[in-house]
Amino acid sequence: MNRALATAARPVWTPMRLFKVLALLLLLVLVPPFADNPYLTTIFISAVMFGLFGAIYDLMIGYCGLINFGYAGFIAAGAYASALAAFHYGISPWLGLLIGGAAAALLGLFTGLITLRLRGLYLGLTTWFVAEALRFTISNADSYTRGVRGLAVDPFPDLFGISFARGNLLTYYYLLLVLGALIMLAMYLLVRSKAGLAFKAIREDELAAQSLAVDTTRYKLLNFTVASFLTGVLGAYYAHYLGILTPTPEEFGVPRTVEILTIAYVGGRGSLWGALFAAFLLIGFQEYFRELEAWRLVLYGLLLIGIMLFAPKGLAGLRKHFW
Amino acid sequence: MALEIVDLEVGYSREVPILRGVNLCARDGLVTVVIGPNGAGKSTLLRAIYGYLRPSRGDILHEGRSIRGRTPHQMLDEGIALLLQGRSIFPAMTVEENLELGGWTIRRDRARLRQAFEEIYARFPVLKERRHDPAGALSGGQQRMLELARITMTRPRTLLLDEPSVGLMPKLVDEVYEEIAKLKEERFTILMVDQNVKKAIEIADYVYVLNLGENSHHGPVESFRDRLEDIVREWL
Amino acid sequence: MDWSILLDPLILSELVFQGLVRGSMYALMGIGLSLIFGILGIVNFAHGEQFMIGTYCMYFVAAVLGLPFIAGILFAGVVLFFVGMAIERGLVEPLRRRAGRDWLVDSFVLTIGLMVVLQNLAQIVFGTRRRGVTTLLPGSFEIAGITITYERLAIFLTALAVVGLLFLFIRFTALGKAIRATAQHAEAAQTLGIDIARIYTIGFGLGAALAGIAGALLISIFPAFPTVGYQPVLKSFAVVIIGGLGNIPGAIAAGYLLGVVEAYAIFLLSAGWQAVLTPLLIVLVLIFRPQGLFTVQGERP
């Protein structure tokens, strides 16, 4: 607990650090419009989106030691909830962001209630089974979800006179930045709160936390449900940005989960921001070596193994050298 | 000198050593007891001798040879056995299988193994009686007997005992110390770490007091009988 | 649908036998996972890739070299035994020296990385083409009205023989006893002179060999291709959850049980919905009996 208190009190906002953060944010905001290159903008969208998924993943694994091995299924829950609401009932995708969040949060709450009272890997395995059950159900209930033929999803409707037609990549990019800022802020506030202390205590030593009368199950459930909600919101954004949903493994199965897990681990557990850097590195790399599809995944695997064996802190471990 | 510890420094991390230069001797055929308050580093001492922890300084000599840097599974071949703290039987295996594993290092020497079984069964008739039962079904006291029997299968010369009576019912505690007293009669060299100061002193020949990872007092047991209460009071 | 055909003894026994054949694979895979978990405390997600390597081994021996299927089984078992030991020495052992309290999650993530690497290396080396062996043993016979192919019988009997040999090995040999001792109390085993690092290596090798044998046996149903291990690994995790993690007899019982349940599901449900059934079943088990169906009270999870 003492160690948890010490780490929670860590960040010191020196002017230099503030300047660096602002400079990076400015780069994020300004590079795509000035480059004026649609291809580059899609890469920025992917990188920011996967960085955010990675950061949310880190909220679970890095702050509370919870491993969600069915993470892609939670994205699917958010994406399909919003897309189906719009497709069948004409509900506005703007409301869909919340519907997606709520659907994933419910899924998280349900899975959490079953498994979080148990320790060990029950959560990891159960989320995996839940996600696969969901994915197979989506592909089989094809009269409702259109299954593997793919569900066409409408773009966001115009808001405040801003057009969200599909070709407006920059608009989608800025919408993602706004959503991302809100998500990062929410997570930042959460880990700085009293709950954040409890998360750290659970991650450091669950039994010790219990003996200090921390209701560990409740805090784990809180962490997991909040993370699921944020995942669902982002999943809903993903659906309306992408325009078509198919329940393939690459999109919503284990390979996707592994990608995000790798981003979170490369970023460094317990760092939140690290995942964003990792996503830019990995997605940039993957775009650069497009033709080497299988080798790219070999690299992901090797990175994961390397992180576990040699650099358990990931990129965040390098921070002291340039931060 | 059976076992000699020279200026031993050990810790789980480099910065905070648990043992800070401990010196200690266990004499042939005698019972040497190490006592001290909680956190004095008593169990760490035994684990370091047995090779579970790497010392950052100092040396460990057994019968004049340095055994520093050996791994735990090489210790029986050096003639040293360790009784772990707490329950250490293999609960789902039979009593006989537990003893067989006690003879793991002599498993190819059939004759010696058979003789070891005869000796153990003569010493602990109850273990012979229940040899086909799972060890987990034995009573707490019987399990401790099995653990003691198991580490003496190969007739090691030096026994390290880590809190032999901890967690046992008061009635069984006496039985355990009686058993240790018998081992003493058989001329095993015993180095025992114990929380149960009163009982330990009763069978000790020589006593060391550790405090905060350092030697505090030591001497033959006679010199401790009167001072004992003062020493224990210091810890509180 | 006419439900009365379910009571037809012919269909009933046909489905049970089909289930036992599938169950053979699930049991072998599940025992392998349980063994590795019980001895090393690792939830091995790369188990399906060990299955995959086994299918390629069988393809090589049976289709390329044209040797009898028993040679393929032996080859797969031996190759995977060494692959497993190499994985343990090269990756798991260094992690063990580093990791502490997060061992369970850290080692799991390590095996995820390994899964990705092996799967995609296979894709680079072999491509995505499916390499199957349509029939290992031609011919069939009829008994009490149901037709049994020699191949299915061979799968069933080989799996039984492997499980039987493993049982005898673990139960009665000195090394088997040392393995059980290490699983029950590694530190105590170490004080008695057992080199547990060696036991860990052998244990991982054995678990991998079982996955490889399962892959080799089932090649007519699961032809060799890079991601062939996914369904088997999903099923084998189902088996160890139903049977109780680390519980080997539980894994055997659960393997055959799941095999029979699935045989019925395939008969009753459309192709796609069977895939939903297994994960759903597991979620139900986790809700109502998280310690597994076959775990005796008080045993470790």
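The first chain written gets the first letter, and so on, giving A, B and C; residue counts start at 1 in each chain.
To be clear about the criterion, a contact is a pair of C-beta atoms (placed from the backbone, for glycine too) under 8 Å apart; a residue touches a chain by one contact, two chains touch by 3 or more.
Please read all numbers here as calculations on a predicted model, not as lab measurements.
Enquirer: Kindly work out which chain lies most centrally, taking the average of its C-alpha atoms as its position.
Expert: C
Enquirer: Farthest chain from subunit A, going by the mean of C-alpha atoms per chain?
Expert: Between subunit A and every other chain, the largest centroid distance is to B.
Enquirer: Could you grab the centroid distance between subunit B and subunit C? Build each centroid from C-alpha atoms only and quote it in angstrom.
Expert: Each chain's C-alpha centroid was found; their separation is 42 Å.
Enquirer: Taking the mean of the CA coordinates per chain, how far is subunit A from subunit B in Å?
Expert: Here the centre of subunit B sits 52 Å away from the centre of subunit A.
Enquirer: Using Cα averages as centroids, what's the distance between subunit A and subunit C in whole Å?
Expert: Taking the mean C-alpha position of each chain, the two centres sit 33 Å apart.
Enquirer: Which parts of subunit A, given as residue numbers and ranges, touch two or more other chains?
Expert: Residues of subunit A never touch two or more of the other chains.
Enquirer: In their shared complex, at which residues does subunit C touch subunit A?
Expert: Its residues touching subunit A are 43, 91, 94-95, 98, 101-102, 104-106, 108-110, 112-121, 123-124, 230, 234, 237-238, 241, 245, 270, 272-273, 275-276, 279-280, 282-283, 286-287, 290, 301.
Enquirer: What residues on subunit A touch subunit C, complex-wise?
Expert: Within the complex, subunit A touches subunit C at residues 61, 65, 67, 114-115, 118, 120-122, 124-126, 128-130, 132-133, 136-137, 139-140, 205, 249, 254, 258, 261-262, 265, 294-295, 297-298, 300-305, 308-309, 312.
Enquirer: List the residues on subunit B that touch subunit C in their complex, please.
Expert: 50, 71-77, 81-82, 84, 88-93, 97, 100-102, 104-105, 107, 150-151, 154
Enquirer: Could you please specify the touching residues of subunit C with respect to subunit B in the complex?
Expert: 174, 177-178, 180-181, 184-185, 187-196
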